[in-house]
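So that we are looking at the same thing, I have put the structure below in C-alpha cells.
In this document, chain identifiers A, B and C correspond to the written order of the chains, with residue numbering beginning at 1 in each.
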Amino acid sequence: MTDRPFLDIEHLTARLKGSGTPLLRSVDLAVPAGSVHGLVGESGAGKSMIGKAILGILPRSVEVATGAIRLDGTDLQSLPSAERRTRVGALTALIPQDPLTALNPSRRIGPQITDRLVDILRWDRARATDRARQLLDEVQLPDPDRILRSYPHELSGGQRQRILIAAAFAAEPRLIIADEPTTALDVTVQKQILRLIREMQERHGTAMLFVTHDLGVVSKVCQSLSVLYAGKIVESARVEDFFRAPAHAYSRALLAASPRYTDPDGSLMPVPEEVMQAVRAEVAAFDEGRAANV
Amino acid sequence: MAEVTTDARGLVKRRLGLRLWLSGGWLLILTLAAVFAPLLSPHDPLSQDLLGGRIPPMFFHGADPAYPLGTDSLGRDVLARLLYGGRIALIVALVAGLATCVIGSTLGLIAGYFRGWPDMVISRLIDIWMAFPPVLFAILLIAVIGPGLTSIILAIVVIDWTRFARVVRAEAMAQGAMDYVASAQVAGRTRVGTMLAEILPNVLPTVIALLTLEMGIAVIVEAILSFVNLSISTDDPTWGGMISEGRTSVYQAWWVLVFPLVCLFLTVLSFSQLGEGLKDRFDPVLR
Amino acid sequence: MSNPPSDVLYEVEHLHLSLPDLTRKPLLGPAPRIHILNDLSFKIRRGEVMGIVGGSGSGKSTLGRALVRLLEPTGGHVRFDGTDITHLGEGELRPLRRRFQMIFQDPMSSLNPRRTVGAIIEAPLGLHGFDDLAKRAAEALDQVGLPRAFARRYPHELSGGQRQRVGIARAIAMRPDFILADEIVSGLDVSSQAQVLNLLEGLVKDLGLTLAFISHDLSVIRRLCQRILVLHRGVIVEEARSDQLFAAPQADYTKELLAAIPLPDLDQVWA
C-alpha cells in the first residue's frame, strides 16, 4: 500500500492544434487508490476532455502540450502508443454517460461484455461468459442468461446502465472513469445506480474518477473532488471540507446555484456576474503567464 | 475578453472553394462550349473528308492546324464532334438529372413525412420497381419507344427515381422526428406547409449532392447507350459514339478514343465534386 | 354571447390516451393498444404555474402534448377556456393555437438548424397573420435577455442555454395565454438552469401567462410552481399545493421521488 495516488495528473495542458486555443490549463489531479474522486464543472469546462486524455482518445484536433498522466507511477505520455493502449486497457475502464448509444445495437449483450475479457485478458469464451453471468448477478439483474442473449433495445435504460457498469468492472480495472453515468436517468433510477456503483467500487477496491455536474451526487459518492472551470482546476478538496466551507468563490456560487427542494424559497441563484468575471480573469491571467514563459 | 471555449467542433476549419472552383470551372467551360458550339466549331461535325482521315492532333507529326484535335477515320473534325457531343451530354445530364430528382424526391418526401398510407404505397412501389433489372428495363423501353434523346432521358428517369426516393424518404423520416417539426405543428402550420417549410430545407443538401451525382450518372448512361448504338439515331456525334468508333482504330488514331474519354471523365468527376463543393459553401450548418 | 371569462383555463376530465403498439400488430386486425394516460382529471387556473412531475414512462410528456393537441386523446375531454378541443380537426384548432404554445426539451432539435434565429421566432407569427414580424421578434429577444443581433445567427452558433431562450422567445412572441414547458432545463448545467427558471418566473408575472411545467426533477419545481401533479404510470397519484407536497407528501411514489434526490448536503440521510 503506497501513499502515491493511483492516478496522478500533473500540469496537464492541452490545446487545439493550429490555433493553440487552450483547452486544459495545467490540470493537477490526484486520485488515491481505491478512492472516489469527483470532477465537477459545467458543460464545456473540459471534464470529458480529461477523461479522454487519460484513455488516450482525445479528438485528433487536440494535442497535449505538456504534463504527465501517471497511472500507478508510469507516465502514459511517455509510452509508445501500442504499449499505452495495452496498459490503459488492462488498468482502466469507462462507465459512459449514455446507456442508449454506448451499446452496439446490432450485437447481443453477451459478446459486448465478454469481448474485453477475451481480447485483452485472453480468457476463453466459456470462462468469460461465466464471469459475465457473475457480474450481471452482482449488478442485480435477474435472469442473466436471458440478458446475455438479449439485444440492447430489448432492455430499459436502467438495465442498460447496469450492464455498462458490469462491463466496466469485468476486467478488474484499477481505475474507472465514470463519465456522468446517471445524467440520463430518472432520479429514482439514479439513486439505485449510484448505490450500486458505490457498492461495487467498495467491493472491488477500484479507484474512480467520477465526472459530474451535480454537486448533490458528489456529496453522496465521492471522498474528494476537484472543481473545473474552462479547463483550469479552481479548487480541490476533501468532500467534508468542501461542503462545509468551499474555499473558492466560484465553488461557493456553484453550491448556491444547486437547487434544494428543502428550501422553501427554492434556490434559483445563477452564478453571480462578479464571480464569473473574477474566475475568467484568473483564467486570462494564467494564459498570459504561459504566453510570457513561452 | 475572449470567450474561453473547450468545444473543438466549432473551430475546425473547412477548405472552402477549391472543389467548387475546379468542378464549376470545367462545367462552365463545357456549358459555354456546348451552347456556342456552332460558333466555336471550326468545321461541320458531320462533314467527311475521306482523304483527310486520321490526322493527328496539334503538336504531333503530320498535324494540320485546321484540325486542332485531329480527325477520325472518316475525316471528321474531332474538336467539332466533341463540342456537339458535349451538347448532348449536357442536355441529358440536366434534363434527366432534374426530372429524376424532382420525381424521386417528391415521392420520397411525401412518404417519409406523412408515413401511413402514402408511405405504404410509395414504399411498395419502390420495392417492386427496384426488382426490375435496370439495364433490361432501359433496353426494353428504348425498343418500345424507339431511339432518341427523349427515350434516353425517359429511361434514366424511369430507372433512377428510386435512388432519390429511398434516400429522401429516410432523411425526411429522421427530420420528421425532430422537435422543430412538432414546434411547427404547435404553431399551427399545415402538414403540407411543414413539409415544405421545415423538412425540405433540411433535406435539400442531401438532394443536391444526389442530384449532381445523378447528372454524372446520366452522362455515363448516355455514353454507354450510344456506345452500343441504342442512343440517338441520327449521325449527330455523341461522346459514347465517338468512343465506340475510336475503339476500332485505337492503334492508328488514338486521339479519336482518348479525347472523348477524357471529356467524359472530367465531366462526371466535376458533377460529383460540384455537389460536395456546393454543400461546403452554402450549407449554414457546416460553416 | 360567449361565457364570461372563467378563472379555469384548462379543464381535463377522464382523459385517456392510448397508442397502437405497432410492433405487436397481427397480420389482420388492429394492433393492441398501449395505455399511456388513464382517467386523468384536473384543472389549471388562469395565471397558475402547474408542475407535472413523474419518471420516464409516467406519461407526463404525453399529457403535455395532449394539452396542446399534438396528440389526440382517445377518451375523455380537454377543454381550453371553455372550448372542447379534444377532437377538433386541424382547421378548427389552428386559430386557437395562437393561444397555447410549447417549449421543447432539446434545444438542439427544437430549432430548425437551417433557419436563422429571427426566422424561427417569426415563423409562428407569420402563420397567424401578425404584421411587423421583425419588431415583435426583436422584442421577444429583448424579453428573454438575448441581444437583438442574435436574430441573424443560426442555432448551432449559440450555446444550449441560449438556444433554450430562443425557444422561449418563440413561444412568447405570440402572447399566448398558456405555455407548456416540457423538461426545458433538463439538459442544462446548474447555472443556465437557474437563469432559465428565473427568466420564466419573470415572464409569467410580466405577461400574465399560465404555465404547465413538466419535469422529472422535483428540485427545480419548488419555487416556480404553485401546484404540482405527480404522475406515475399514466395516473395522477398526488395533486397538491407546492409547499404541502414538499412538507407532507401523501403518495408513496411522491415520497420515493423526494427521498431519491441527492442534495448537496453531507447531513442528508440518503443512502
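Basically, a residue touches a chain if its C-beta (ideal position, glycine included) is under 8 Å from a C-beta of that chain, and two chains touch if they have at least 3 such contacts.
Owing to the predicted nature of the structure, the values given are computational and were not obtained by experimental measurement.
Chemist: Please find the two chains that have the most C-beta pairs touching each other.
Modeler: Looking at every pair of chains, the most contacts join A-C.
Chemist: Considering only mean CA positions as chain centres, point out the chain farthest from chain C.
Modeler: The most distant chain relative to chain C turns out to be B.
Chemist: Approximately how many whole Å separate the CA-defined centres of chain A and chain B?
Modeler: So the centroids are 50 Å from each other.
Chemist: So how far apart, in whole Å, are chain B and chain C when each is placed at the average of its C-alpha atoms?
Modeler: Distance between chain centres, rounded to whole Å: 48 Å.
Chemist: Between chain A and chain C, tell me the centre distance in angstrom, where each centre is the average of that chain's C-alpha atoms.
Modeler: Inter-chain centre distance comes to 33 Å.
Chemist: Mind pulling the chain A residues that touch 2 or more other chains?
Modeler: Expected reply: 44.
Chemist: Applying the document's contact rule, which stretches of chain B touch chain C when the two form their complex?
Modeler: 10, 178-180, 182-191, 193, 197-198, 201-202, 283-285
Chemist: Quick one: which bits of chain A touch chain C in the complex? Just the residue numbers, please.
Modeler: Residues 42-44, 157, 186-191, 194-195, 213-220, 239-240, 243-244, 254-255, 257-266, 268-271 of chain A touch chain C in their complex.
Chemist: Contact residues on chain C for chain B in the complex?
Modeler: It is residues 65, 68, 70, 90, 93-95, 97-98, 100-102, 104-106, 109-115, 120, 123-124, 127-128, 154, 156, 167, 170 of chain C that touch chain B.
Chemist: Quick one: which bits of chain C touch chain A in the complex? Just the residue numbers, please.
Modeler: 55-56, 159-160, 188-195, 197-198, 201, 216-224, 243, 246, 256-266, 268, 270-271
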